[in-house]
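We just call them A, B and C in the order they show up, numbering each chain from 1.
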Amino acid sequence: MSDYNFAYLDEQTKRMIRRAILKGLAVPGYQVPFASREMPMPYGWGTGGVQVTAACLTPDDTVKVIDQGADDTTNAVSIRKFFEKTAGVATTTSTAAADLIQTRHRIPEEPLREDQILVYQVPIPEPLRFLEPRETETRKMHSLEEYGLMHVKLYEDIARHGHIATSYAYPVMVEDRYVMDPSPIPKFDNPKLESAAIQLFGAGREQRIYALPPHTRVVSLDFDDHPFDPSRADHPCALCGAEGSYLDEVITDDRGGRMFVCSDTDFCETRRDAAKDEVAA
Amino acid sequence: MTPLLSVRNLSKSYGAQLGCNAVSFDLFPGEVMGIVGESGSGKSTLLNCIAGHIAQDRGQVVYDTRADGPRDTVTMPEPERRMLGRTDWAFVHQNPRDGLRMNVSAGGNVGERLMAVGARNYGDIRDTAQDWLGRVEIAAGRIDDRPSTFSGGMQQRLQIARNLVTAPRLVFMDEPTGGLDVSVQARLLDMLRELVREMGLSVILVTHDLAVVRLLAHRLMVMKSGEVVETGLTDQVLDDPQHAYTQLLVSSVLHV
Amino acid sequence: MIEIENLCKSFILHNQGGTEIPVMAGASLRVEPGECVALTGQSGAGKSTLMRMIYGNYLAGGGAIRIAGVDVATAAPREILELRRTTLGHVSQFLRVVPRVPTLNVVAEPLLAVGEPRERAMARAAELLTRLRIPEHLWGLSPTTFSGGEQQRVNIARGFAFAYPALLLDEPTASLDAQNRDTVLTLIEEAKARGAAIIGIFHDIGARDRVADREVDVTAFTPGLAA
């Protein structure tokens, strides 16, 4: 273990990243440039999130890593192993037991606490990129709060599909100031962006960090006559029976059999364990 | 009467190359001023300096704002200037591709300026867009089509609708009929004239086409090598040009 | 109404060795409301040049052209445009319009420009086109496709649509048949009766005798031709 500096990155780099994080927390929703390092994993595998996590970890922390809600997917497993090996920290799959949760594409169903940090892996931090490819121009638009374009994207959705069809990476307005891409989480999770935990967003390839301090106001963009709708599943979870959770479709055979189960595996398991205990009691 | 726009001693050079030199003029509400001259005469540089697209070296561009009266837009804070640019001002580019979002539907293109100033009711935005498409003679059924599926003339009309939807008072036009077929040009000119009168627009129109200025412009400014060599009433400048360069320009036009 | 004093003009051809051609000197003329003055003189004497200067189409070289308090010789373009919109009408020999605009709109345009309600403007245009015998089925078409005589009549209808206090007429009866010629002369008489000050060029001597109160020979103002 002593072959690595704690949490892989050298201390100067971690300090640089912490400064970016602090600036991000001071200006919620603002994309802070940072000198992203080469990590021992390809871009797109969470290099931004890993660097943010590395800069936040202390030896006593317990880390949880989720990918699409699950703790047992390749990406989650390898990042968890990475920190076990380079930082020697404890890991967990339990949302409640974790001090720091690194995530890709989901926010845990269970509300987070003030002593927790949620780190997002971000592929494209710029919400305006879709319509304005020039970085110089999008920066200016952010600094001058020129966000009409964001609504053009939503307008196009309604014009084409009859409703706002953007279902993930749904743009939000942070504290009435910055429009922010919440990373490719389902819009179902958008209401959970108003949280007691610190939320940090790291984009490795794009070299940007942004943040939401606890209890920041985060509003999903919409039209008066087409209000934001986080959408709910039509089914309860086939395993735990939860009705308000985000579901994955699981194909069970090659004859069209399928079931809908919670995408948040820890949430689902905790509920099932509780149900078992109840039956046992 | 207060001029809507007062340009004073506007100069711009590109290194040793002169863009435009010490240009001054007043533009009054409802006036259409043509700027003519050959390629490289500085007319586009002047237009872009006034519109704030490129930074001038010297001079003032005083605009009579709705809220605070005459203000120098050169020294005005950038957010205010950009706000002017998408509300009270409009810019019609020669190439519609420069003025349109090609990957956004016609309705979205027209609606953008409305959303930029805070419109948040989809139904209202769409109704306004529909109305404007009608005014520029684009069939209602095309509202959800992208401009890339439109003809050149339609694209140019869409660009005009997109610009005029916020009822601007000052419109900059850079060769608005360039690159269009003659028959399409006539239709566009007629439409522009109608809109100018109905909306009481003030227009600065840059073109090298003297027939276009004769039909659209009230008065003319003739530029050569970055300098204004002659100004006056459009038909007077064209029919009784005083400066050697204007005489050459007018006599060089081929008549059919 | 129209007062011209010591007007002069020369053309300088910069691209032909800077040749200076003096075309007018010391032109003076007064036209009262309700009066029609015919300009005479041989071809090239400067009748059209004088008309164009009065309209502001040619730049005066010196002197004054006062119409309703505006000196056309020195006025700013927008003052001249305002004068043309509200005070000074002009019937030229050539029709210059945007292709595609229907004839009825072409004729109604001067009325719309002074803020006349659309319906009234269209009604007046229709009335004039009827009097000038432009068949109704042509009203919706652009006059650019019309014959010379038809274009001339559209031009006249447009010139008389609004009751300008001052009018310039350049060969208003040229290329017209007897009936239409008579209509145009009647229009001129009506304009005089309502108090318009008119300056005209009439090669048609019968027409000149019928409407003009006096004649002014511009040869007297032509350098080199003046006796």
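Brief remarks follow.
Convention: a residue touches a chain if its C-beta (ideal position, glycine included) is under 8 Å from a C-beta of that chain, and two chains touch if they have at least 3 such contacts.
Nothing here was measured: the structure is a model prediction, and the numbers come from that model.
Of all chains displayed, B has the C-alpha centre closest to the centre of the whole protein C-alpha set.
When every chain is reduced to the mean of its CA atoms, the largest separation from subunit C belongs to A.
For the pair subunit B and subunit C, the distance between mean C-alpha positions equals 32 Å.
Averaged C-alpha coordinates put the centre of subunit A at 46 Å from the centre of subunit B. Subunit A and subunit C, compared by their mean Cα positions, are separated by 77 Å.
Across the assembly, subunit C contributes no residue that touches 2 or more other chains. Contact residues on subunit A toward subunit B in their complex (touch as defined above): 131, 144-146, 148-149, 151-152, 155-156, 158-160, 222-226.
By the touch rule above, subunit C contacts subunit B in their complex via residues 11-15, 52, 56-59, 77-78, 80-81, 96, 98-101, 112-113.
Of all the residues in subunit B, the ones that touch subunit C in their complex are 28, 31, 186-187, 189-190, 193, 197, 214-215, 218-219, 231-236, 239-240, 242-244, 247-248, 251.
Interface of subunit B with subunit A (complex): residues 78-79, 82, 86, 101, 103-105, 107-108, 111-117, 120-123, 125-126, 143-144.
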